[in-house]
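Next come two complexes built around chain A: one with chain B, the other with chain C.
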Partner chain A sequence: MDIGVIVKAALDVNVLRSEADGRISIENIPLVLSEYDRNAIYEASKISESTGGKVYIYSLLTWGPMDRKMRDFENVIREALALGGEEAFVVADKSIHYSEPMFTSEVLSRLIKKFGSPKLILSGEASTDMTSSTVAPYLAAKLNYNIVTYVKEMSLKNGYIEVLRDADEKLERLKIPLPSVVSVTGEINSPKLPTLIQIRRAFRKPLHRLELSDIDLSPVFSRYEDYRVVTIKRKNILLEDESLENVADKLIDHLIQEGVLKI
Partner chain B sequence: MAQDIGIEHFIFVKDIEFIVYISAVISIAIFLYGVYLRMIKWFDGFPSLSSLNLDLKQFIGGSLTQLKVLRKPAVGSAHALVFYGFIILFIGTILRALEYDITMKFLGTRFLVGSNYLIFKLFMNIGGLIAIIGLVALLIRRLGFKSRYLPDRPSDYILIITLLIILFTGFLLDSIATASYRLGWIGYFDFIGVSLAYILLSLNLDLTSLYRGLWLFHMFISLASAALIPYTKLGHMVFGGIFNYIFRRPYHKSAFKGYKDPEAIVDEKGYLGALSLKDLSWKERMDLDACIECSRCTDVCPATESGKPLSPMHLILDLRSVMHRGDFEGELVPKYIDPDVLWSCVTCGACVDACPMNIHHVESILDIRKGLISKGEDVPEDALNVSYNLMRYGNPMGYDPMDRVKIIEEISSESGVEIADESREYEYTYWIGCQTAFDPNNRGIAISTLKLLRKAGVDVAILPDEVCCGEPARRIGDELMYKELVEMNKENLMRYRFKKLVVNCPHGYNVFKHEYREYGIELDVIHHSQLLSKLVREGRLKPVKSDTKVTFHDPCFLGRWNGVFDDPRDVVKSVVGDSLIEMPRNRENSFCCGAGGGQMYYEVKKGRRISSIRFEEAVKTGAKVICTACPYCKVMLSAESKGEVEVKDISEYLSESIDRE
Partner chain C sequence: MKVLAVLDNPKYIPDIHGFLEKAGFSESTLYAVSNFDIPDGFDKVIRVDDVSSDVLVRMGDELDGFDIYIAPHTKKSLEALSYYAGYRGIPIATEIIDYIVEEKKIVRNILSGRGIVSYRVATPIALTIAPGKFKGSISRTPEVIHNDVKPTPSLISIEEKSFGGVDIENAEVVVGVGRGFRDKDDLNIAFELAKILGGEVGCSRPIAADYHWLDEDRWIGISGKKVRGKLYIAIGVSGAPQHIMAANDTRVIVAVNKDKNAPIFEYADYGVVADLYKFIPIFIDKLKRRLDV
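Coming up: the complex of A and B.
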């Protein structure tokens, strides 16, 4: 059975750079494959290994400017292909930079419908840069698929999937009929990092670069205007005393003073 | 009288002399067939000598002189006695045959007569005697003084005893001949033959029959042993002692196999390096047959000593058995070789240095690692992280590359050394390197070195930005990443004009010096220890003397691989003089810190930490300071110290002594 994976070329939060006024300088931050997407691709390739079928990668470039980001974006898609994707359909169009989840999911749903239309779509539980966790549910709605999120175990049965869903306070075991969109957590598997050689080998796999007009969409959407870092100032107070008990007492006093603790 | 002094050929056995010719032909045929059987395995059916380098100098200097074997004086001397003894006997036997079969038959003359013969006889006596002494010594060593990992099987004893039997029967034959015709004139020139002859004569035996029987026995056992050389341990003489010394790898010992166009190979084959035996070079396959199983490599291997699964000798023997089984296509890992065996290697080169058969274990290990990296399987997760970090951030630790630019600016302002300007030419460019730049505890190495260079008036600059030199990528087997880094560095380095590149990290020093050449980049590279020792020697740096006890730890890639032993010591001695104490294992016998081969960034969590073994050794010297000349070694040894000993780079130590003035 064919499986689709939606992936994001996310801002590398390890090398976040901001201006003096707190504005994030997006143009200077490299893009990486969003962390949980790696799990989604790995899971998809595991399933397709046992059931046959293709793994499609769907993506769009949400960050600009094009000339600074296109190379990174392509590398991310190659990496997704190296990890187990077999064919990629991506939209890179400067008119859709900084799009928000609603429009992003619209682009993806059209890509999926037009190319391959697999009945099972996997995604990471959230992107590592924006962490909205909303693209997968929006996409399911637009495709008219079922949705299940935060899946930490899954297996494909005849016509449905069985999942273990991590709902924070409890674990849910669910049967979801296909077609379905599934967002997976980082616990579902432990994918390996690809080496340059594997990425190089993935160059043979087809990567289709499309524009918005190719999926009959016009760039009408709301977009983000500004990104800022929230700076948290640490107080850097070092508590020292003769015994651990005394240190604990001091800590409690501090917490009461700060209003964190109430007695 | 003088004309009568000579050999009476085939005395007592004239009627059956034809047997020796038939047997010799059979023996030579079996011998050659054995060599052929081995060779077709190296060449995998297709003899090709394309990557061969003939090196007679190495053959004479390393093999014929027995210098490599003599690195272990006791057992080496015993081996050398056997070696030279048999060479003398072999030459003597050839001379005899030459006289009887060539000069007598075709020219009607003899040359082993008169004083020639006497000298010949004396040499044959000495040859036989020293071979017996050597063999007895080897037997005694096997019985009581074995090294820890030396294999010990019945066949090892049978071999020694067979050789002893050949020698004893030879002497007995000689003594009967002596008794029959030369006892009157041979004298001390046949001292063993004469002594034995007197004993035999006193026994009243039928010497003629005894001679005939012994002659057949001696001939058969000698020719059989010669025939079996390629099929037994004795094969090391041919495959190791001769072939593996005459044919050399075509590059420096610490440069590893590169590729003209690795991308093309990946596109065509899908992988680099070796997945199976057929991917190794013929020289690497010949290495497998060259092994004499002396365990010298395993005896010195830090991975073995610390309890990790690698034993270089057993790795070679395991690969050899795969070759003899004829499985050239089968994947080596994990079927035949446990991946941890390969990942345990710290590429310190102790095995290569110790091997008397010139085997390059590390090359094969790195080739198989390249295969594993290509597949992305059986690779430690942290090693894959190194690859990924290099790909994303240009350094193995995954630090933000923008931070490097800031760090370089800080180093420049603190040391007063300028950041290179494209329009100017400098005498030296100083390469900081990832470990020195990003680790705050190592940054002092760069600052000290640069301050010292500035103080000595050296014209030096640093680069505004760097990326990894590629060494970690190469050691974990990521050749494609390595090549990409080489190309980035080429572009970066070519932008500036300088005569020499100074490097404080021996790992960087080694790649820049030997391994960049494979991708067409020739650099004049100097290690900071070499430059600092020169400045001290020239009086341009004048350290204040101290009597602190200091020991020096040799970094493998500076010392053993590149032969730089004295320069870093001279730097330390310029401060502490005779208070430099050596560890028991020093110079080429030094013991790795544990960080080589990429293991700075990953760990095979089995057995002890290699660094703790080395640290204990250093502490036992009573030194207060451990000096080293490598940022990796510094990190590893510092991590073991709980404050009892300071670990410093030689540049930091020298700099402190100069600041004291």
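Coming up: the complex of A and C.
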């Protein structure tokens, strides 16, 4: 059975760039494969190994400007192909500087319907940059597929899937008929790093780059919202002394002063 | 204004009421869809078996016409609300942490808590509210109606999470352990420290997810638990952005790490660059003497 995985080239949260006025400069932050997407791709390739069928990768470049982000975006898609995807359909469009979940899922639903239409779509539980966790449910609604999120175990049965989903205070084992969109948590598996051979092979796998007009959408001319760095007012006091005994005493003194420790 | 709350856990009603009060909607018509009985706080309660997946869509046009659809940022409410919003074409803003009254803007975190964005929204809008950020109470006696609609996924069984009822999200003091610990048994000193301070032990992702030394209800992270007490002591924790975001609402953060370049020090009020195996026993000893325990 063919399986689709939606992936995101997310802003690298470890490489934050900002202006002097506190504005985050999105254009200067590199893009990386969103963390839990790895788990989704790995799970899809595990299932397809046992059932046959293809793993399709679908993505939209959600961060612009396109000329600054295209190289990172391609690397992310190649990585997704190296991790187990076999063919990728991606949209990159000059008009997009920021794509909100509603538009992203519209693009993905059109890509999926037009190319491959797999009946099972996997995604990570949330993207590492925006963490809205809404694209998978939005997409499911647009495709008229069933939805289940935060899945930490899944198995494909005949015409349905059985999952164990995180429901915060408990876990629920559920049966969901296909077609369905499933978002997975980081606990579902431990993806292996792609081997050199897999990485090399990824460059020969088909990667179809499309524009909005190819899926009958008009340019959006979106812009960024005003993102600001969080200024955390931490004291950053390093307690140093030759003697750890003295350090411990100093620390206790500070904690008493802060009112978080009562003697 | 007409507001519809989507609820899968009674714990978060004060959060929803708190947001509505702060945003000036406490006089609005308030409806709720919930999978538990609600005796107070809404004009009308539509009681269903389960709040998840496509249940709201399956309720048909009964839910049309609200200005604000609101839910706590819990996994099931979020799933049900965003599927509904996708179906109706309503924009959604999730995990709202604040509301700026003067500017009428909602605020949310981005980039693993390192960034923040605030913006105005137009109705109709769907919102999910981050737990613990708003507190309020609205009193209404609801009319209750039952609806036997069910979501498409069918429940096979409910399983308990493997934990002993630890609640680090509401602990005032949390001692966090990370990969600086070499062995599971060594975590005992963290538990001893937490006990002296009247707190709980939390951990970084590898300790729960990779090593399985502690259960996942102790995992501090954006996909795990968020701690927001008065004191967080991170021991041998390097400080991945996802971990820091989930601890950053704590009033005072202390970091103990032998690597002085560990990112955790940037986010700490007090840092101790030392081998935890040497420092923590001394710290415990001093605390015991000074606290007289």
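Operating definition for what follows: the second predicted complex is superposed on the first by the 226 of 263 C-alpha atoms of A that agree within 3 Å, B and C clash if a C-alpha of one lies under 4 Å from a C-alpha of the other, contacts with A are read in each partner's own complex, and residues count from 1 in each chain.
Assume a residue touches a chain if its C-beta (ideal position, glycine included) is under 8 Å from a C-beta of that chain, and two chains touch if they have at least 3 such contacts.
Note that the structure is predicted; figures quoted are calculated from it, not measured.
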Partner chain in contact with A:Lys94 - chain B first, chain C second, else both or neither: neither
Touched partner set for A:Lys205, first chain B, second chain C, both or neither: neither
First, second, both or neither for A:Leu174, with chain B first and chain C second: second
Partner chain in contact with A:Val32 - chain B first, chain C second, else both or neither: first
When both partners are placed on the shared chain, which of chain B and chain C touches more of chain A: C
First, second, both or neither for A:Val230, with chain B first and chain C second: second
First, second, both or neither for A:Lys119, with chain B first and chain C second: neither
Partner chain(s) touched by A:Asn14 [first = chain B, second = chain C, both, neither]: both
Doubly contacted chain A residues - partners chain C and chain B: 14
Residue ranges of chain C touching chain A (in the complex, touch as defined): 8-9, 52-54, 57, 74-76, 78-79, 82-87, 89, 91-95, 109-119, 152-161, 173, 197, 205, 209-210, 216, 222-223, 230-231, 241-242, 248, 251-254, 260, 265-274, 278-279, 282-283, 285-287, 290-291
Touching residues (chain side chain A, partner chain B) in the complex: 12, 14-15, 17, 30, 32, 192-198, 200-201, 203-204
In the complex, chain B residues that touch chain A: 263, 266-267, 270-272, 373-374, 376-377, 379, 381, 384-385, 387-388, 391-393, 398, 400-402, 478-481, 484
Footprint of chain C on chain A - complex, ascending: 11, 13-14, 16, 24, 36, 100-102, 105, 125-126, 128-134, 137-142, 146-150, 162, 164-177, 185-187, 190, 225-230, 232, 234-240, 244-245, 247-249, 251-252, 254-255, 258-261, 263
